[in-house]
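In the two complexes that follow, chain A is the common piece, with chain B as its partner first and chain C second.
Let's look at the complex of A and B:
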């Protein structure tokens, strides 16, 4: 028997027992709940017992006619919020890294909504969007425009929530972009100074060199959009009717109704959906990443 | 050496902790022999006011027993709290909850104390017992009063416009057009609190059973459906008609229950499809106006078969986790609630919104006009319990379908068909035969 080299010595000084606390914590709080969720999604689960029923929950969940509305809304929500945040945050980040005055003040102003609780934001905006006395409509009315039923109009409700989500989440995206811009070496800016104005700088230096930040923003806000719940719940509860229901609010309502097995199946579906969408996206982005 | 030291320390900490926990548990058991504190879970809002009135009165008579009222949200959020706490054995010593189909979902035989044989149950009306019974057990003691579900209306508006209480849907629709022409809101809708949207469907049950007497039994047995029973679907049709004819106020899709009450009390709106427990809130906030509020049964197709749908009382229950002195105290409190003193306390502290269903319990002479309206339907035999007290199956998404129809997003036919699927889910979850 040959002893292994210096690597063994290193391993020896930290015996495997040291992993134990972490492994136990991880197993109890992550692995076990995940595995049992897979099991319970195959059962009809009341508060007291769970009867194994095979894939019936999945069949029922996927054949639910309201699910298609929820799925569509989830995608609209994920794509629009991540798209808008990316498009709006980049110019903001450029502005806030430029030489304007009161930069610090503006930066905290943009970041402020991130710090407020989502539920509080939701409740505040649903009051602002109240159809008769809400501030939004009072302003519209004072300049002679027709009142808009922001959250009550089934065609509009989801987009009103998306607007608030963008307002609230743009701070994080801006900060990520700012970090990306500030990491660009000054040489590049000096190099294009000869070429001309701001457009060249923006188009040929900033956009290509903040690519990594762009990917991070898109990915984070897309995942966030797919699994969003709190804002929708606080503002519309998925309503009116099913108009702004997303996957998570459907799952929550089934849980509320006591359909624990069915809602667990919904969660498993959400888990796979996010994984299937995000992993390819991430590896695509990773392959395109650049070194500054 | 060092390692052993650390290990020993960890062990000691663990041991110390467990002794603390153990002795804490023991202390509680000893304490229960003397004065008793009962924890009491109720829904926030008017229910909690009522619980406060009753528990205060009881503690005044029995200083040894005090109460700690815990609040939970109403609606499906509250259902979840109750179910979860029961399932984990963390329920309060006594709790307040609905009777009927919602109770059945709590699996009462396994979770609740059977009080069928307690002497205080003798005065409780059998019609009520039916709604808190499962298999052989009876689990609840009535709390508050039964309610009428139908149309609360503003009598002043009716007098000003010279309208008559409608007995058929056609008359109701005609009234609504006159009210609309007068610049008022004919029907108040408050879909921002989506549970309020269900009344047109649920309060229509008197009319359903008038046309299809076997509906409840057939519906429970998976034979009758909303989609293929026109009388049952009528509720959804009404929601659509209200939307098509513009009976609802502007901004109704996000309006809240309290705004609805205000509109009705102040006469901006003429009709509010609602349960009569709303009268309590109206009396609290608009004590002058509550005398102008009346009640009529939701009209159906035929004026000759007009009657009211009645909601049974909610109840108080004892979970099986309550034992010993606490159980004894809880039962004694229940006996007080249905005793003449208990009823008198309730009458004094809390305006009744319908009959008590306790033998010998009288409504006070100065009862609200709307409650008199409800009582006259019951006294003349023109009333029927709501479907949720006759059948354990009630789909949890009814309110969403009602809002979808009432905002013009879904046809009544689709809503009825989809609601039937929702009902099937619930029946399977309850393990009913034939689904």
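Let's look at the complex of A and C:
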């Protein structure tokens, strides 16, 4: 335990009621809904009453392909956005901490999409990806490549949204990596200076020493990816059909349709998905953390 | 880091980087602006081109006056929501982090753990709607504010707790010896020293709350409650063929987050980097 200092008689006490505003708000508006969701997910629930029906909602969720596709898509979305952001943001951060010109300008550019409403970004890109006149296809056609139906092709729609998600979110990942790189003591770079090349520096200094940042980026973007809603809703609405539906979009659709119990079961499934994937990943990362 | 010799290959590399950056991060925004300047007919062609005549101000005017100045109501609602929620997040989070970091006993650690779980666990939406109905604050701005406080507290508390480790305990004790009670110590000693962390929390949460779409979609429906991102959503159907107006709308709702960022930019980058390294 810590030493209490020499002024024992004068050591001040910190009042417990300082906890209360945060704890009360969090308990009522976050913990309570989270816990009550477990009960409501086992009911047929309308605005007026909830009838207990056991695990029927879950059975329906996992057996109906219209609903279970959300599980698969959510997983793909989480893995791919998190992986791509990590792979692309690290070199970008190396570039933006190097001696390159216009560094400050580039930093602002990369961070800019983070500030813009996701709905606005979604609308913009769905127009850029429009099959006939959209700019993406105009560019493809001008170099003689076939046009692509980015959002209308059921096999492709989810990946098109993932692409935009990476574009919008890469700024945060880059800032985290930049912080990690700037925190590496200069000695390490000096140590490999004689061995030369950029590759040595990147492979043997930067990659091992930004490990904590890498973990943060992977975790944050994975959690964000599993919980995503806005972008999918603005770009495809889960379509075509339900090809790009994720759990959150299904939760919303069932809510709109008045199936509150089913919607809440989706919420609980998402809860388990996040806890079962993220908590183990987090403790694994914690065990591998390094002191720079 | 490397020598700044201007070899031809370095110049070529610099140019390629510059062009790539512009293509990836500037052109989409330029496209938004160009579209917002066009006539409805011209914007329907979706070209990346200069407008025949610049109709930007006309389009902005149309977007702002649309539906009896709904845009003003939306911006006002979003601003009140943001200011209210962020103020409470900062005060509640800092009060909590102050005592939790100083005591660091089992109770503090357990509560901190619960809050951190809130960073990962997705909010349960329909039970929250039902809770708000029971409390009689469904479809109200203060109900939405309280939800946002609960959702953004975990991040704020984590940042503040990290920042508290950098504020020496001696300062509290010195103020205590001078006869200050816990509240004056908090407001006069601790809060001013938390400023960099506060900037980080204010910027990240205000941009996120201002741009939040999901929250108002579930908890704040109704025309009089419209918020800035919802105007976009509401207009998608109305402006189906009038892309120029939709993009003018994008410009209008992007101004405030941009201003927040520009205002705090310098302090933010250092604050965020400091937090990321330690946290």
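Note that in this section the second predicted complex is superposed on the first by the 267 of 292 C-alpha atoms of A that agree within 3 Å, B and C clash if a C-alpha of one lies under 4 Å from a C-alpha of the other, contacts with A are read in each partner's own complex, and residues count from 1 in each chain.
Note that a residue touches a chain if its C-beta (ideal position, glycine included) is under 8 Å from a C-beta of that chain, and two chains touch if they have at least 3 such contacts.
All figures in this text were calculated on a predicted structure; none of them were measured in a lab.
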- Message: So in the superposed three-chain picture, is A:244 touching just chain B, just chain C, both, or none of them (first/second/both/neither)?
- Response: neither
- Message: Touch test for A:263: chain B only (first), chain C only (second), both, or neither?
- Response: second
- Task: Figure out whether A:25 sits in contact with chain B (first) or chain C (second), or with both, or with neither.
- Result: second
- Please work out whether A:255 is in contact with chain B alone, chain C alone, both, or neither, and reply first, second, both or neither. both
- Of chain B and chain C, which one contacts the greater number of residues in chain A? C
- Message: According to the stated criteria, A:130 is in contact with first (chain B), second (chain C), both, or neither; which is it?
- Response: both
- Message: With both complexes overlaid on chain A, does A:73 touch chain B (first), chain C (second), both or neither?
- Response: neither
- chain A contact set shared between chain B and chain C covers 47, 130, 255
- Sort out for me which residues of chain C touch chain A in the complex. 1-2, 4, 14, 17-18, 21, 24-26, 28-29, 31-32, 35, 45-48, 88, 91-93, 95-96, 98-100, 102-103, 107, 111, 114-115, 118-131, 133, 146-147, 149-151, 153-154, 157, 169, 172-173, 176-177, 182, 185-186, 207, 211, 213-214, 217-218, 228-229, 232-233, 236, 243, 246-247, 250, 253-254, 257-258, 261, 265, 269, 272-274, 276-277, 279
- Task: Name, in rising order, each residue of chain A that touches chain C in their complex.
- Result: 5, 7, 10-12, 14-16, 18-19, 21-23, 25-26, 28-34, 36-37, 40, 45, 47, 95, 98-102, 106-110, 112-120, 123-125, 127-128, 130, 133-135, 167, 175-176, 178-180, 182-183, 189, 198, 213, 216, 223, 226-227, 229-230, 233-234, 248, 251-252, 255, 260, 263-264, 267-268, 270-271, 274-275, 278-279
- For chain B, which residues count as touching chain A in their complex? 76-77, 79-80, 83-84, 86-87, 105-107, 110-111, 191-192, 194, 250-254, 396-397, 400-401, 403-405, 407-410, 418, 421, 425-426, 428-429, 431
- For chain A, which residues count as touching chain B in their complex? 44, 46-48, 60, 64-66, 126, 130-132, 149, 151-154, 237-243, 253, 255-259, 262
